[in-house]
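The same chain A turns up in both complexes below, where it pairs with chain B and then with chain C.
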Partner chain A sequence: MASRGLVRFVSRVSSSGLRPLSSTSVCRATLQNKHVTDKATSPWTLMAAVCLQRLPVISSDLSPIEQQFKHMLSQMELEKSMLSDHELRLLEDKERMSRKQANDYDSDDEDGRGDQDIVLTQDLEDSWEQKFKSFQPAPRVRADVDENLTSPERCLADSLLLLVEQQVGGQKMWLLPQTQWQEGETLRQTAERALSSLSGAGFKATFLGNAPCGVYKYKLPKAIRTESSVGTKVFFFKAILSDSSRPAAPTSPFLWVTKGELQRYLKPAYMAKVDRFIPQV
Partner chain B sequence: MNRAVRKVLNQALTSCRATPCIQHPVWASVSQRQYKSMPTHGIGRWRHLLPKEAPKKKKDRHQMKQIMSATETAYGTLNVKVSGFDMTVVEHYSQYIHNLCNRFGIKVAECYALPTKSTEVMLMQEQGTKMYVDSILKTHERVVQLSSLNAALCPVFMEVILKNQPEGVQLSMKEHTEADYHARFKARPELEGLMAQIGQ
Partner chain C sequence: MAVALSRCLCRVLTRQAAPSSFLLGGHHHAVQSPWFAPAMTLKTSAPLRAEPKKKKKVDPRREQVIRDRLKKKLKKLEKVPPELIPIEDLIIPTKCLDETRERSAPRLPFEESEGRALLLKEWSRYKQEQHMAEVQAVELALDAQREALEELKLESEELYQAALKPDPLLFPFTHKGPTYTPPKTDYEAPDGKYNDITKVYTQ
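Take a look at the complex of A and B:
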């Protein structure tokens, strides 16, 4: 079950130097002492990254089987359904017209509304048809917007992920926005800082919780490795884009990519870890 | 002659009472009449084996369920409200959320519907100033009440719900309050009037 897996992951995370949150002062004092002794010995630099997703706006297209099934279901529902008020009125009007055309028609025999002849139900239906024909819906797929990788409105049927090009250890590479953890802040605050500083000021996001969803461990090459810095650990936090207003001036180049295009931009080891918490949709 | 008949009868009765009647072992504990003579009489009885239930009161006033408060690792009672114009889509989505909670092991306290709200769209006529009713839009609302949501499971749950939200359906998650519970009931003006009179 997903909950059990996540609980196990959280316990593993807490044992690796992440300072757990607690509310009692006694606990905090002992933890701080522990943290001071830990800091001296922990050789990993901690970083937090944000996995910002834009949710799909429209439902994806149906596969051929789904289309056939939908067609069959709608046919069955139509055959089993009862006549609506509007359809009953249409039938009544037709009957009344045929009775009027008969030779022995007596208008006193009618026991219905007097104003039926002024606005016929068929005329109402025709006026509705006209209005429907004049309505132009927005196109579901726009090819030019799909090509533009920086626009958050591309690929409305899929969910998009934000990628930023950052300098890491002398090399420029595409990855999820990340910054280093500082003293006195929670990892989630680090992730929020990463989002606001690296990808421009325009992205309003809602973070989905205090627990990270994934971790990536990177050991430095043997030449640079020392006693105090063995490597970095990056914790990923999930966030949902709340509004897609364009940022005024992005500080670094960014991309909105779908899961299929992710492979082209991320390094294989990083991609394997990120792949685990990005769902297929 | 009568005395002779009476003597014979007395003898017959005493002889009957002398012979021991066959006691069926099952009937020994029961105070029912044992007039059925088949040995298998009462072989299918099972209701006497069930535990005694308290008699159910017919007029049971609907009590409010206990509202759980948030702890350090879990949220309290949450209301997931699904609303929209298309009733089939809204109902199917609320059923989807309910099934998802069952699969994740999240306890669902209640699952109810709020009354439908009708909105009349009135358009101005092309010639003239009269407004006529163009259409009636009905907003349907369904609420799934979760009794407690684990804080570590919350991001996973939220993501699945948000990714599968259909078009035309609005989702909102709020904490459940007593005011929300009382909003479900109709106001009773005559009762309130009488209570005010008693209060005065």
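Take a look at the complex of A and C:
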């Protein structure tokens, strides 16, 4: 642990360029050589994949302890509070009604507005109640939409992840959309290309930064392995879905899955790596 | 020029005066003619005989200085510190101090208060677990990113440098958070009128 830290410190110091001249020239030469050798003989194929998330649209349901606590908090707040204007009016009305019902009632003793008899506070409350009931909000949970795995509007309380079925090495499997890196573009551009080409047009996404959030590397089976291609490294880039318009014609089958459903679709080794950077919500 | 003229005049007068007094002998109360006034009748004192005062520059400067001093004094007196803008949140409105608004505090039975205390403890435990899980998740994500960057560095230096560059187009980033009910696709919000009565203070 300490040695790792030391190595990192040394590498950071070297990259800051505060070394004497002789060693810089030597290092630059070696870097260039390494760069050339990398370009020529890097045995790993580079791929970039995009981890597109649709963030939750509605708040999730409260767990039992949260419900209990919410109830208790509201009770405590009510006890500690003061009477509001509306409650004072209710009390006044009640008092006036009781005085009216009394036998020795004299309406001339009343001071205050005369129209308070016409519109009682209770009536006001009832009218507000009516108005509230007349508004129908959209339903929180729609079972039919939840069943449809291809719709980005399922499971509004969780965050969804885009999965695409791709052919990898002769085998069809579900994974995050990925393509091979080409010369002259950064890995993020590769990821953007992967998103636009594989899952059809219409997914507007905001990529979060230039740095990859995870890596998955696998070696090719021994039969196919050669000197120049040992395996593949897949770099993942995070993106957030900004506008869910329907894609015109999806080029390959895709799914929107929650974190819990991921296990059903992804291979175990892949899932282990991807699980680390996908947040719970 | 005026100085020269006056100087000439003086000399002329003295020249004129000297022979006339000599001639007249004892006539000290000489002829009172303005042109031949003897020098001695002129009230000459040392400062007068010296260079005439340059009144045109000194006086305005002095007056200016006096006026500046007065103005400074006025400014100092008028300098009132600006009135502080009241923070309306910190002023307790008089409505709250009204005694008629006090609620009758209910007497809670022992079980109720016990139940509340126990629920509070459970809640703090639940929240602590949630927080620990969040912190762990963040650490895991950071670990994954660090690993990815290390692998990328092993692969190619230029891609690594490109990955380290900050993205200038990302910020300002906005995203609408979750609401209780999802938005209705075909809802037309009714137009409302409102009167803005916020008090605006100027210093």
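Observations, loosely collected:
Here, the second predicted complex is superposed on the first by the 210 of 281 C-alpha atoms of A that agree within 3 Å, B and C clash if a C-alpha of one lies under 4 Å from a C-alpha of the other, contacts with A are read in each partner's own complex, and residues count from 1 in each chain.
The definition used in the following text is that a contact is a pair of C-beta atoms (placed from the backbone, for glycine too) under 8 Å apart; a residue touches a chain by one contact, two chains touch by 3 or more.
Bear in mind that the values here come from a model prediction, so they are computed numbers and not experimental data.
Touched residues of chain A, counted separately for chain B and chain C, are more numerous for C. In the superposition on chain A, A:279 contacts both chain B and chain C. Once the two complexes are laid over each other on the shared chain, residue contacts for A:208 go to chain B and to chain C alike.
Contacts of A:56 after superposition on the shared chain: both chain B and chain C are touched. Of the two partner chains placed around the shared chain by superposition, chain B and chain C are both touched by A:240. By the touch criterion defined above, A:167 lies against neither chain B nor chain C after alignment on the C-alpha atoms of chain A.
When the two complexes are overlaid on their common chain A, residue A:134 makes contact with neither chain B nor chain C.
Chain A residues 55-56, 58-59, 208-211, 213, 240, 279 lie at the interface with chain B in one structure and with chain C in the other. Partner chain B is touched in their complex by these residues of chain A: 1-3, 6-7, 10, 23, 55-56, 58-59, 159, 208-211, 213, 238, 240, 279, 281. Taken in their complex, chain C has these residues touching chain A: 96, 98, 100-103, 105-106, 116, 119, 122-123, 126, 133, 137, 140-141, 143-145, 147-149, 151-152, 155-159, 162-167, 170, 173, 175, 178-185. Those residues of chain B whose C-beta lies close enough to touch chain A in the complex are 72, 104-105, 150-156, 158-160, 162-167. The touching residues of chain A, when paired with chain C in their complex, are 31, 34-35, 38-39, 42, 44, 46, 55-59, 65, 68-69, 72, 76, 79, 81-83, 88, 137-140, 156-157, 186-188, 206-215, 217, 233, 235-236, 240, 242, 273, 276-277, 279-280.
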